[in-house]
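As structure tokens, here come the structures.
What follows is a pair of complexes built around subunit A, which joins subunit B in one and subunit C in the other.
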Partner chain A sequence: MNPIELPDASEAPARRGLKLWLSRLEGPQTMGRGPAFWAVVVLAVLAALSYPAFANDYVVGNAAYFFVWTFMAMGLGVVWGYCGALSFGQTAFFGLAGYAYGVITINIGSAFGATWLALLLAVALGGVFALLIGYFMFYGRIKGVFVGIVTLSVTLVLETFMAQTAGPQWRIGDARLNGFNGMSGMPPLTVPWPGGDIMLYSGTALYYVLLGMVVLCYLGLRMLLNAPFGNVLVAIRENPERAEMLGYDIRLYQMLAFGLGGALAGLSGALYTAWGQYITPSSMGLTAAALPIVWVAVGGRRDITATLLGCLLVIAGFQSLTIYGSQYALVVMGALLVFTVLVTPDGLVFTAINRMGRLFKRVRR
Partner chain B sequence: MEFFPASFSIFYQFGNAFAFLVISCAGLAVIFGMMGIINLAHGEFIMCGAYVTASTARAGLPLPLAIACGALTAALVGMVLERTVIRHLYHRPLDSIIATWGISLIATQAVLILLGPSMSGTGTPLGSTLVGERSYSIYRLVLFASAVGLLGGLYLLFYRTRFGVIARATIQRPEMARALGVDTRRVYGLTFGLGAGLAGLAGGLYAPTMTMVPTMGATFIVESFVTVVVGGADIFLGAAPAAAILAVIKAALTAWYGQLFGQIGLLVAVIVVIRVMPGGLSAFIKRWQR
Partner chain C sequence: MTRILDVAKLNKSFGGVTVARDIDFVLEAGAMHCLIGPNGAGKSSFFRLLLGEHAPDSGTIGFAGDDITALRSFQRIRKGISVKFQVPGIFKALSVRQNLEIAFQYHLHGASLGETVRRVLEFTNLTGEIHTPAGVLSHGQQQWLEIGMAVGVEPKLLLLDEPTAGMSPDETRKTGEMLHELNARGITILAVEHDMAFVQQIARSVTVLHMGAIFAEGDIDEITAHPGVQEIYLGAADE
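Showing the complex of A and B:
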């Protein structure tokens, strides 16, 4: 557990606006600082940019699919790792935003970049719903395991409800909800372009768009977590009573963090629907709800970099296992989860990065 | 329409829901109330009990003995798991949820791989009886009686035996109990085994009424969670009245709007109850008693 380091007050006043926020790219709440770290980051992004040149279209589309999930994982990382509230129900916001994207795009079509408006609205809906649930929980002073129970109940309620919307009476405008079989037929993300819109079906173009979003989201979260907001979140995680005595309204901070996590899960959900052009109630079920927990727990929840890397690693590993049969993959997932909790409670990737960092420092000395 | 058949029908619906909630939540309630651990593998202990019961019953054992076999097997599995995994997580309740979730994933999938997607069960025994012009399953009435018996038995166990006294002492003041020479680790192990065994018993009792699939635990787990969370830490002051209240909600919603709304009503109830009384019914009742 990292002790809370408050940012040094003497250097803060000199920086304002954009410069201040850029300086928050590194700080006490995120791993990695200095030119060496950023060189690695730039190299990683360059490698990701040149990846489509070496791989075929199917593999690239697959990588884009991995990116879709990282937002939900990073959101859970903020809520669980930084704020200390274990949410089992990120899939509720995922599914809600996914359905919202489908309903909106089916009704307003995909002309003039309307799909992006739908994406925005879906994410906002996920965020607002999360704020509502967060208000309900944190202003009711619910904590610990009960946060998990409430969020799990929410996602299961949504799943049960959506699963019974099979009849023709369940429609919103032109969009049939279709019950257990799920909704399909919505357009993918579309970029308006002179001489024909570009439809972002699974493939290289979508890959680049998603890569850009992942990088932006990652850097944005780094800045936010090193800002006073992130410091307060960590203070609440370490000791809620102390944070409260220091004068922070911890209910507000927890609610906001939960809303952010919900919006990010919603982003994943809407992108998932746009990626595959379908969404089913089982995306909010018990197994689906377990997956984000697995990614974040195995990767490491205490650091956004570890969460991102861990999520990508686990999804890639999971998919390559699924080739041998998905039931074996789930057994391995479960075993990995138990192993992580027992042996490296901070997460495999987090521990590995920490070890490497220490080794690196020793060499430099 | 005569009064008796109508009221019997209502009692039957309520009793059915009540029995299901009490029997399925008992194991979870013991483990949560006594140890503060939310056991997400609860459904898999139930599945274990049901599978063992069904297979021993088909091998020719009389049903009550087969149910006992199922409960014992689940208890043994629970004690082994406590020794290997849960024991290390007593001070990290959030991590214990995740670990038990991992165990539940492993168990469900392993059973799916080893025993296939379904297993033939045993038929529901005892037939049915006619009250008024509708017929009712006698076994369901037996289940209601077992739920009441189970609560009575647990009360006797925790308040009238040496094990019960030591277990309650360990829960209330672990350091003091240890100082007085109680082997608290053993008590925790036995308590977890008891909880797992009760889950196995639930599986055994419901095995004749259900289809045996590896995911059958999931049908129990939501209901049992709801009951335990609404009830709070104490089984007798919490889970039992919670089961009664929730049974009314569920039976009424199911009768009027269908099974799905019965379940949704339960889940909404848990969210509202947690918001209004975070400690559950038992904390509410205890405060009110003072």
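Showing the complex of A and C:
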């Protein structure tokens, strides 16, 4: 690992800034560095790009569905894995942004790229709501298991509230909230295009858009986590008192990390609604709230790569189990969590990648 | 001499327990001073009041000419106070280099950050441990790492809570030498310490705390000979 270094001072500031941020793609807070690692990343992206050529629309649509959840998982990875605050209620921001996307798009339609504006507003709403909850939690000195209790309470309160909005009086403009049955009828993400808008229904086009977003989000988070901001989050996780006694306003950092996690959960929520044109209160319920914790714990909460891969693997496995094993899928998820906690507390994927890396080094020697 | 620390009529109670009782305490810039006292005398509580971890019931804390009584901990640190805890306050899962970079990155960036890390590694004799996770260092090395983290950006005042707790005699001696070097660079040092031999190595002037109040202040030899101090802290001579 190299110390943080500024590039040549004679370069233009914008170019220097870009170089500095690109240098943060690798660093102490993220696994993987060097040409071999990036070659694997490029190969993985190329494989994902060519996947639709070999698979049918249904399977590709399923893969797009898996991508939808990765943002919430990576956000929880930042909040829990890097900052040390276990949030049990990321689904509150997921659901809020999902409903917001529905309400906005039902009211303003999908012309002129309005669905993308709705997506942005929904993500912002998830982030702002998380900042608000984070402000009261962290400045109120809530920590440890109580963060989990408060966040779980928030998502369950939202679920309960939305479930009782069945009457016709529960509407925002043209959008009926529809209580327990949930909202439907909102348009999917729509790209304005000469000769006719492109509707991103579940399929190849949506798959590519979501793949691009996942890659950008992953690389962006790598840069952020290897920047001074990420270093401070890790310091807070390891020893909050020491971090504060080095001059860091730890509550501000915790709140910002929580806001980022909320915005990413909101992105998943809005994309989920756009993907299925459907959102229900159960998306904020207990089962929904527990699943992101399983994905992140099984993948590895302390590394964003492990979180991303773990999330994709566990969701794919969960879906297969749901098809073939019905409700037993949840029991398997629980067992997987217990196994991870007892045998590989750093996460199955994280541990596997670490061991493979060590083996690779030994073989090279 | 200018006053770096000026504490006036400081009081703090938790329920019926008084941990600070009308404390008036002045520290001149450039001093190296020790706080001693028996267990429960209020030494650590006094540190926590100085650091802003506890808010005083009454009284004021002045630092380098500013009233910092209402400031939060991180704001006090940014003004130039630094601290080394009794139990090493380091980031055990992170490497020695990461510990130091996190400690300095608020003030330093780029090449100056790297240069300061290199200088502190040399000062703390940890150059060979740069990639070692801090948690696997020896106890003495962990203490030195924390001292390095606390002094890399040259604070005005360094608070040390039992800096040699758990150290071997050799490590204790080396720590004393480090503190003299830091003090010679202009860093004012206030240390809580139990080891009287170490107190004599690093400071000529001491303050004795007893039941949250200042019991005695003065030269180390006078204090150790003070019958009242022997009674409350060192144990009566005839015991």
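Assume the second predicted complex is superposed on the first by the 350 of 365 C-alpha atoms of A that agree within 3 Å, B and C clash if a C-alpha of one lies under 4 Å from a C-alpha of the other, contacts with A are read in each partner's own complex, and residues count from 1 in each chain.
Following the convention adopted for this analysis, contacts are C-beta pairs under 8 Å (C-beta built on N, C-alpha and C of every residue); 3 or more make two chains touch, one makes a residue touch a chain.
This one's a predicted model, so the numbers in the text were calculated from it and none came from an experiment.
Chemist: Tell me the contact category for A:228 with respect to subunit B and subunit C: first, second, both or neither.
Modeler: A:228: touches subunit C, not subunit B.
Chemist: With the two structures laid over each other on chain A, which partner does A:239 touch: subunit B (first), subunit C (second), both, or neither?
Modeler: In the superposition, A:239 contacts subunit C only.
Chemist: Is A:28 contacted by the first partner subunit B, the second partner subunit C, both or neither?
Modeler: A:28: touches subunit C, not subunit B.
Chemist: By the touch definition at the top of the document, which applies to A:248: first (subunit B), second (subunit C), both, or neither?
Modeler: After superposition on chain A, A:248 lies in contact with subunit C alone.
Chemist: Subunit A residues in contact: does subunit B have more, or subunit C?
Modeler: It is B that touches the greater number of subunit A residues.
Chemist: Please indicate which partner A:355 is in contact with in the superposed arrangement: first for subunit B, second for subunit C, both, or neither.
Modeler: In the superposed model, A:355 contacts neither subunit B nor subunit C.
Chemist: If you lay the two complexes on top of each other, which residues of subunit A touch subunit B in one and subunit C in the other?
Modeler: The answer is that subunit A has no such residue.
Chemist: Considering only the defined contacts, which subunit A positions touch subunit B in the complex?
Modeler: Touching subunit B from subunit A are residues 86, 136-137, 140-142, 144-146, 148-150, 152-154, 156-157, 160-161, 163-164, 286, 290, 293, 297, 327-328, 330-331, 333-338, 341-342, 345.
Chemist: Hey, which residues of subunit C end up touching subunit A in the complex?
Modeler: Subunit C reaches subunit A through residues 51, 72-74, 77-78, 82-83, 85, 89-95, 97-98, 101-103, 105-107, 109-111, 113-114, 117, 131, 149.
Chemist: In the complex of these two chains, what residues of subunit A are touching subunit C?
Modeler: Going by the criterion above, the answer is residues 1, 3-6, 28, 228, 231-232, 234-235, 238-239, 241-250.
Chemist: For a test of understanding, state which residues of subunit B touch subunit A in their complex under the given definition.
Modeler: 38, 85, 88-89, 92-95, 97-99, 101-106, 108-110, 112-113, 218, 222, 225-226, 229, 260, 263-264, 267-268, 270-271, 274-276, 278
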